[in-house]
Amino acid sequence: MSRWVSNTTKKRFWFLTRLTLLLLALIITLLPVYWLVNTSLKSPVEVFASPPTLFPQNPMLGNYVSLFYRRRLGDYLLNSLIIVGTAVLLSLSVGSLAAYSLARFGKSRLQQKINFWVLAPRMIPPVALVVPLFLILQRLGLINKHLGLILVYTAFNLPFVVWMMRSFFQEIPVDLEEAAMVDGASRLRSFKDIALPLAAPGLAATSIFSLIITYNEFFFALILTSTPAAATLPVGTAALIGKTQTLYGEMAAAGVVAAVPLVIFALLVQRHLVRGLTMGAVK
Amino acid sequence: MALAGAVAAVQSLPGCGRSRSPLQRGRITFGSFADPALDVLKEVLLPEFEKATGIPTEWVEADFSGWLQKALSDGQTKAGSFDIYVLDDLWVPRFAGAGYLANLDEMGFHTDQDFVPTALDLGYWPPKVGLRQPGLDPKAKPALFSLPLISDLQLLFYRNDIYSSGPPASWDEVLEMARQKSDPSKRQYGWVSRGVKGNPVVNSYFVLLHDFGGKIFGEDWKVVFNSPQAIESLEFYLNLLSYAPEGVAEFDSDQEGETLLQGNAFAATMWTGWCGQTDDPTKSRVVGKIDFAVPPKKINQIAKLGLFMAGIAASAPNKAEALEFLRWFSSSPTQLKFARAGGTPFKISAFNDAEARKKSRWLDAIFKALLLGVPSPRTSDWSKIEDILGTELNKALIERGGAKEHLDAAAAEATAFLKSAGYPAG
Amino acid sequence: MLPLLLIAPTAIFALAVTVLPLGYTVLASLQEFPLVRPPAFVGLQNYQNLLHDANFRGSLGTTLLFTVSATGIEFVLGLVLALLLKEEFSLQGIIRSTLIIPMVIAPVVVGIIWRLLYNTDAGLFSFVIQSLFGTNLSVLSSTTLALPALILVDIWEWTPFMFLILLAGIQSLPQEPFEAARVDGASPWNIFLHLTLPMLRPVIAVALLIRALDAFTVFDQVFVLTQGGPGTATEVATLMIYKTAFRFSQFGYAASMAIFLLVLVAGFSAGVTRAFKERSV
């Protein structure tokens, strides 16, 4: 900026610009979300009103009620919470062990291979894996059981967990653990009592991303589960797409119900999210 | 190779002793796609069945494509997750042909004269009438592999306040009314249809194709949907669609129905699942203003069939109970009950029942349309042809023209595909 | 011994879920599954057909266009947002949480809501366009606008992801170089170009790679919004594989498409990783 503009004016200009851009981002982000909530409170006849209505004319909770009483969304929600929660917990435990091992004993070439391996599950189109996975689980008697999907999700989360946690463990000075081992603690003991607690923020950050991705997973849940005994929210939500009609109001309501736990969880832990990424992925 | 061997070895293991006491009946697991047309069956008839026979049921639903995926996986891997598959009638060739369905004749099912013939015929494989795809024994006797479940088809829905002197009898009448009274600025459209490429647009176009004297396949599977009559029918269809909403090329069934129920269209040919919604004030702005009839006529008059069929999975764990359900549901007394509760039956006596007709004022139109019904060609490769034709139709719709070019392009690609799949294709 | 034991469970899981099923799929890609006849071994026939399949080539092109556009724009927007919000301020917790909501909503629901928003007569998007510009726009049924419309949905949904990663990256940069540059009188733009960006290179690489991979395998939104139409304007590769496998029941051919795609993607990732590894030292 040229010198004849004073510094305060410059500062004010940039502040206003930043504010405007931020407001713009917030509006664009929230408008469809608002529409989601808006639609969830409308009766079917109003969803397609032309021109579209900004507020429901007769707001009703009917969609939500129908979801829980007719479509058994409560079952799907419970399954999602159980399956996703367990899978993330399991992948965090198993993955942390492997990550610790790599951090303390790993050689550099192995680390490069791991970087690549992390991305491997994301590269394979689910279509390529779905039938063979179904066959494997079927032989183990795990189709339409919580455990079946838990195992699959754990396996898919592991690379990401290992990748993230390895960096966190590398951050922790080796001296702390060596001091403990000199005092007589075993390797595993020092892992449990020293390394793990110090890496807690990393665990928090990793868990959030894992949760988000696993919670919304659809393809494998669709094929590997069949009834509300084990099927998850995304499957239950998609079932609202009928052959000849889609229940938009109920789908919107389902979307809201599904998103609420995640949003609350994200709000609670968002501080760790950024800090965790700072230390983990970036290295 | 090793994997295939392992699979074979494990599948030859006898099922773990699942002995059941004779008093304890197995539970029937239904697998289906979601659709309002199934509501009466699910909510009224199934509980009645459970009460009458003591056989518990479980209804599993997924979205349309999701269900097809699951059913195919289940059939292919013989997983036995489901006892009864609810199928779109155009899937029957695939499922029956690949051996995923149990042979109902062999299981001892008997049909009677009360079945609407056009509905029942769809359950046979190889097909009773029409061409047989290559790979099938031309002398094989058709066996029953599935039964009708819901008689769904394309029915004419029309506004009785606009067509005040009764349903349009001919397509020309429909076009004329559209020409006279359409007003896009007020969102008043003369016609609405599906335009999404593939199954939706092909089903919409199918009626016109046949009504103008065209066909999909001629002798020996020759592709004839680019005949002069076919081109004429497509040009007419494009003309008619100039009175439809702007975005009709991306409309699927749900938007087609919504346009009508919002009071923005004069008429449309839609699936019967919409019938019950026209008089529901929470779903429709035109309560009482929609009436039903057989689709209009040009040279021929047909209705496109899209029945829901029910088949017993070849790997079903509870075949006996599943058969009992099919027997119970297809018996004339139950069909009567079904129709009186608001469902769409498949037996003649149920269609003609006065009480049922009072409950569902569209029943008469559906029955007449059923008798004039034509299904999709009976071959397991139809989906591919449908996709080819549907893509070109969709393109023609967007261009609002080029009927001959697109039909010719589709015919060429379809013929090439058929030849590579072993069809004589003329 | 201990290190091996610690890694073993992870390795077993990974093997069971990726390598084993992949083997099956590769086997399947060498076969043909004509439903009314038993499966037959056809060697590399499927791959040969693939090379001549104009539809498949087209879908790869569409997918590439989608991936590059979406990832690129998300990167720029995410970077701008990260730069805007890198300083601490009072409501930052709530604002950051709000900005990531699109990422958190199930993709199927995102698709359905945007389908509603884009609807010509009943959609908010069309309504806004009409109020601003006077003409109505039928976005999803236009061969030119359908893909951009899908890209917009992807941008809406995944810019927060870019934003988070880039923010973390920026906040983890050491402060000294920046202070030194400011003391030297460098302009903000120069600082950004010659200091911030180069130091962010590893983070940028990771962010772009992950997002590009996800965009390349996009499915849910396309399926719900356009089914690949109008015409073939939004026919992405995953959609083509899906239809081939489950609508046309050509499992063998679909398997070959999937393997082909996998090789393509793996090669690309390896290349990118290596390129960034060499430069950043």
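A, B and C label the chains in the order they appear, each numbered from 1.
Throughout what follows, a residue touches a chain if its C-beta (ideal position, glycine included) is under 8 Å from a C-beta of that chain, and two chains touch if they have at least 3 such contacts.
This one's a predicted model, so the numbers in the text were calculated from it and none came from an experiment.
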>> Taking each chain's centre as the mean of its C-alpha atoms, which one ends up farthest from the centre of subunit C?
In response: B
> Looking at every pair of chains, which has the largest contact count?
Replying inline: A-C
> Taking each chain's centre as the mean of its CA atoms, how far is subunit B from subunit C in angstrom?
Replying inline: 36
> Rounded to the nearest whole Å, what is the centre-to-centre distance of subunit A and subunit B, using the mean of the C-alpha atoms as each centre?
Replying inline: 38
>> From the mean C-alpha coordinate of subunit A to that of subunit C, what's the distance rounded to whole Å?
In response: 16
> Got the subunit B residues that touch at least 2 other chains?
Replying inline: 69, 76, 187, 255, 258-259, 262, 264
> By residue number and range, which residues of subunit A touch two or more other chains?
Replying inline: 47-50, 131, 135, 238, 241, 246
>> Among all residues of subunit C, which ones touch two or more of the remaining chains?
In response: 23-24, 119, 121-122, 251
>> For a test of understanding, state which residues of subunit A touch subunit C in their complex under the given definition.
In response: 18, 21-22, 25-26, 28-33, 35-36, 39, 47-52, 94-95, 97-98, 100-102, 104-106, 112, 115-117, 119-129, 131-133, 135-136, 151-152, 154-156, 158-159, 162, 187-188, 212, 216, 218-219, 233-234, 237-238, 241, 246, 248, 251-252, 254-255, 258-259, 262-263, 266-267, 270-271, 273-279, 281-282
> Which residues of subunit B touch subunit A in the complex?
Replying inline: 7, 10, 29, 31, 33-37, 58, 60-64, 66, 69-70, 73, 76-77, 79, 81-82, 88, 187, 253-255, 257-259, 261-262, 264, 270-271, 273-274, 281-285
> For the complex, which residues does subunit C have touching subunit B?
Replying inline: 23-24, 27, 34-37, 119-122, 136, 138-143, 146, 223, 226-232, 243, 246-251
> Where on subunit A is subunit B touching in the complex?
Replying inline: 43-45, 47-50, 130-131, 134-135, 138-139, 143-144, 222-223, 226-228, 235, 238-246
>> For the complex, give me every residue of subunit B touching subunit C.
In response: 1, 3-4, 65, 68-69, 72, 76, 94, 97-98, 133, 135-136, 187, 195-198, 245-252, 255, 258-259, 262, 264, 380-381, 383-384, 387, 391, 394-395, 398, 421
